[in-house]
Amino acid sequence: MDTSLVINNLIHPPVLFFFLGMIASFCKSDLKIPEPLPKLFSLYLLLAIGFHGGVELRKTGLTHEVVFALSAAMFMAILVPFYAFFILRIKLDVYNAAAIAATYGSISAVTYITAVTFLQTLGLEPGGYMVAALALMESPAIVIGIILARIFAPKKENGEDGFSWSAVFQEAFLNGSVLLLTGSLLIGLASGEEGWDTLKPFTKDIFKGMLSFFLLDMGLLAAKRIGDLKSAGFFLPPFAILMPVLNGCIGVILAKLIGLRAEDALMLSVLCASASYIAVPAAMRLSLPEANPSLFVPMALAITFPFNIIVGIPLYYYLIKRANALFPALLG
Amino acid sequence: MKPVSKVEIIIDALEVEHVTKFLNEIGVSGYSIINDVVGKGHRGVRSGDALTDLFKNSYIMVVCEEKEMHMIVEAIRPIVKKFGGLCIVSDVIMRIHRKSE
Amino acid sequence: MDTSLVINNLIHPPVLFFFLGMIASFCKSDLKIPEPLPKLFSLYLLLAIGFHGGVELRKTGLTHEVVFALSAAMFMAILVPFYAFFILRIKLDVYNAAAIAATYGSISAVTYITAVTFLQTLGLEPGGYMVAALALMESPAIVIGIILARIFAPKKENGEDGFSWSAVFQEAFLNGSVLLLTGSLLIGLASGEEGWDTLKPFTKDIFKGMLSFFLLDMGLLAAKRIGDLKSAGFFLPPFAILMPVLNGCIGVILAKLIGLRAEDALMLSVLCASASYIAVPAAMRLSLPEANPSLFVPMALAITFPFNIIVGIPLYYYLIKRANALFPALLG
Amino acid sequence: MKPVSKVEIIIDALEVEHVTKFLNEIGVSGYSIINDVVGKGHRGVRSGDALTDLFKNSYIMVVCEEKEMHMIVEAIRPIVKKFGGLCIVSDVIMRIHRKSE
Amino acid sequence: MKPVSKVEIIIDALEVEHVTKFLNEIGVSGYSIINDVVGKGHRGVRSGDALTDLFKNSYIMVVCEEKEMHMIVEAIRPIVKKFGGLCIVSDVIMRIHRKSE
Amino acid sequence: MDTSLVINNLIHPPVLFFFLGMIASFCKSDLKIPEPLPKLFSLYLLLAIGFHGGVELRKTGLTHEVVFALSAAMFMAILVPFYAFFILRIKLDVYNAAAIAATYGSISAVTYITAVTFLQTLGLEPGGYMVAALALMESPAIVIGIILARIFAPKKENGEDGFSWSAVFQEAFLNGSVLLLTGSLLIGLASGEEGWDTLKPFTKDIFKGMLSFFLLDMGLLAAKRIGDLKSAGFFLPPFAILMPVLNGCIGVILAKLIGLRAEDALMLSVLCASASYIAVPAAMRLSLPEANPSLFVPMALAITFPFNIIVGIPLYYYLIKRANALFPALLG
């Protein structure tokens, strides 16, 4: 693997701020970004990428390629929680297996953004419509996770367990981050180029700065959560690294099969490989209260997220390049 | 100047709505909530999560008649048992209340 | 009325984010912008428009037209609470009538900004000195409202009621939003073009983005407050729509009489039509505690504000255009 | 180890300054305030307003001698009566205090 | 339904970690903390400082057995004496607790 | 002294917003910037100046001049707390003298920024590497202050007093503001021009706006803290003005001796003259709890800070100009 790719990824300011956050936390510095400032950054990032994606999607239109990419994304969002669930059942009870499966079936918007940034340093720009894939992949895993839990969980004595599908769909499709991302995408779609000119200084120019600030905080949070995994045993930490690699590789193959450009192939792989630490944990806490959030939150936040932004992104890109070199015929 | 019960509940922040629904059904005259309570209990340290509302507690206080107190305790027992936290009760004197006394 | 004006107004990103907020709230999504972030946006907007207005005012100087516009604004700020009070007395007690009258006599800075944005999409730019009108119109209605309440309220048994005029003037002229707006205006006036160049990226470039964010929150808040009006009876909701239309029309006529340009005429009408949901409610709560904030806050925030930004602004502009077409002679 | 009174007041956030003025006049040794208390009472749900300080409560706690307690209750009665909220009193043991004991 | 002690501590926000260290050593079953408590005491008004964590208090509540209460009071006495604040204790009834009762 | 320098400094928007904040507070306006928004601004400013400084330092490299300037800065950071301590001991006990000495030995980043802004209005730009001096000067005074206190304080009866040097170094070198500033500087150093292009709109373009907002808040805070000094006696308020002047003058002389350019000389003097109201007070509270924060916080925040940004900066600049005029030989 080309180490210059890794290094190139690492010395990019946003990623460096992530390290700064981790270091600060390991040194027990009192640096902290008090609540609700992290929420300001995360809301901003969702709004900005949703809006940008919508504007791009309007430019591209629903081409052949877009439809293929979105279908592949949707397919993976449904597939991943299934096999993740059965792998996890080897060691875990139904509830935790379902919650972690949902976590890995869904996505992390910040991992997505970091991959875009990685491409930009190489002078490339992924199709903005991949943001639609991002939006599409956030919710299904939540629903699949809960379906799996209900199928395999031991039946409760008394039938009445206060469960309601409408609450699940509410949580899956109307939670804050999904709604803001999708809504901003639709607003971008509706307002097009003209709207873009209006908001560009806000949604594009200061974007990398806001991302750096947010990654600084993510570094602080990730380092803080690592300790929670001490009691998690020997199974979950490796899972939190191998699962994204597996998902990312399947993403690479799928992208190859449907003939995506290398840029878009990377975005698809990264979406498959990333795990949710915002929308899914919150939904699971309400819909699967039997699952332990001290397992799935630190896995996604403290292992998979850093792994992806440090090693994963250049790795998946390297694999895509290799695949394209080995099987050029499939292209074009 | 009326002896009443003060019910104090510490519970997962995500369950507050659940509890207030019960309080409204029982028909208590009011309640107060302090959000952003951190702490430690059987489930370890709960010091909040900056991105979600996980790992955070809320404090709910209800001043009510003794009879209501029993209803509240019974209503919320399953929630507290499931999601952790605690519920304590003490006797206080209501010195001023808007419409009662 | 030209529907393209309405549509043009509606597909503008900031207004679309307002709808997104309302929709999120109606779907019971958990999307929320936690405190004190809304305050960050509202402070930012006041600082930015005040500063911009000051810089513009310095460019224009105190021309004939400016003096006329400001006098008309002042006149309306004093007149509106009077007739509003007597209309409201039909159904309401003195205290609530006075508080609501003050609410409608004062202004909403965000409605003003949305109107500026509306004009910009038409390629027009209002005179920046209208920001001075905005600043001038914020406080007088508070004082008038309290005067009306003291004149018409039943006298208290014991003379001593803890009332103090100095506290009223304090609330009216030194409350946070008035002071920040006026102060920023004066700073803009003092620092002129040079200062503008320094702050432009902050106060102008990212302005629309901050406005979008704030309107997203306003949508959430407005939708949340609508429920409060259920117990308000049949009188107040129509009042909250008809009053701004009436005030807006008087603004149109007045602007015509003093010969304002169409752009400035729109700003004057919008100022007349808008109602305060920040400065006045806070002042009324302290100075007229007998009035019920669950009436005047939702009226201004959940009815008049959305009405103005959706229907009102294009409506007043249409009326101004019609008036100019019918009575061209009056112009220049 | 001294038996004292604990006065707890829940009141409109905008009236806090008013109450602390009285507490200072009475000369209590100290008080503590928790802002951002939401709740429900006779005036309906008070869950704050993001743009103003309306619709929000504060919690004030004063630990004092019984005699002071009576003065506090009388002093704030009109405010609580007018702006809602409540005032409860209970007996507690002061275990540690900076300069007393 | 078990009579227990409620220990309430108001202390300089910067000393909270210090106190929780002691609580963990004593082995209490849990505690709750409310940050951002302002107030007034012997050291004057403490209404926070927007840039540092100075001039701010925290409220710590521990529900525990009477025996533990005495240990807590002794452990934190020097901290409270040095950094101000207070510690009060009262009797309450534990109505619901996750694993006990 | 050239009054045009003072006026030029005063009518600059950021400084005007500082006055607005002070005025608002004196008028008892309810204008406030709720927590944790001030922290957002202060974190932003540290990140932005650190990053900018790092990028500049990479451009310059470790030249002769840079090494000289940094050594002088380090020298002053160690010297100032010594003589300040002995002056303060005239009236104060050991603990308070040590804490105040540390306060004046350390620096204020916002004073630094305001001086940069002052130079920019004159068309000058200080060497970005002076940010490294800023970072270097933040911590040593904390350590010196504590050493002084331990040397001169009466020995405690029982040897065990819970004191730990590692905690002191932790506080001095790893506190949030030091770490963020140094970390951002290193990130700027690592990512260079390319990184700068990425973050420029965030760290440079909106910088003056964020500074204005922050100074507005500093004005509010400073005015609020002035009252705390009523009980401080007649010694400390003059000290809080004369100490920075003395330190600033020593800075001017030192800069002259090592032949710094006028711009860099100003930065060095301002660093010497400024006093810390963030890092040092927090560290002192933990490491010297016997010292009274109601003395050193208001001195630094409510007297020295306003003095420096209003009078000090132009004054030190004037002195530098005079010195250069009188002893031109030393230059070049």
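Every chain is named by a letter (A, B, C, D, E and F) in the order it is written, and numbering of its residues begins at 1.
One rule holds for everything that comes next: a contact is a pair of C-beta atoms (placed from the backbone, for glycine too) under 8 Å apart; a residue touches a chain by one contact, two chains touch by 3 or more.
All figures in this text were calculated on a predicted structure; none of them were measured in a lab.
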{"item": "Joint neighbours of subunit F and subunit B, given as chain labels", "value": "A, E"}
{"item": "Between subunit A and subunit C, the fewest steps along chains that touch one another", "value": "1"}
{"item": "Chain whose mean Cα position lies farthest from subunit E", "value": "C"}
{"item": "Same or different residue numbers at the subunit C/subunit F copy interface, by half rule", "value": "different"}
{"item": "Greatest separation from subunit B - chain, by CA centre", "value": "F"}
{"item": "Pair with more cross-chain C-beta pairs in contact, given E-F and B-E", "value": "B-E"}
{"item": "Chain centre separation in whole Å, for subunit F relative to subunit D (CA means)", "value": "40"}
{"item": "Whole-Å separation of chain centres (CA-atom averages), subunit A against subunit D", "value": "47"}
{"item": "Computed distance of Cα centres, subunit B from subunit A, in Å", "value": "36"}
{"item": "Rounded Å distance between subunit B and subunit D, as computed from the means of their C-alpha atoms", "value": "19"}
{"item": "Shared-contact residues (touching 2 or more other chains) in subunit E", "value": "34, 36, 90"}
{"item": "Residues within subunit F bordering two or more other chains", "value": "33, 35-36, 39-40, 201, 205-206, 282"}
{"item": "All pairs of touching chains, each written as two labels joined by a dash", "value": "A-B, A-C, A-F, B-D, B-E, C-D, C-F, D-E, E-F"}
{"item": "Parts of subunit F lying in touch with subunit C, wherever the complex brings them together", "value": "11-13, 16-17, 20, 23-24, 27-37, 40, 121, 201, 205-206, 208-210, 212-213, 216"}
{"item": "Partner subunit F, residues of subunit E touching it in the complex", "value": "14, 43-44, 48-55, 82-83"}
{"item": "Contact set on subunit F toward subunit A in their complex", "value": "35-36, 39-40, 43-44, 47, 51, 170, 174-177, 179-180, 183-184, 187, 190-191, 194-195, 198-199, 201-203, 205-206, 282"}
{"item": "Residue numbers on subunit B that touch subunit D, as the complex places them", "value": "4, 6, 20, 23-24, 29-36, 63, 90-99"}
{"item": "Parts of subunit D lying in touch with subunit B, wherever the complex brings them together", "value": "7-8, 10, 34, 36-42, 57, 59, 73, 76-77, 80-81, 84-90"}
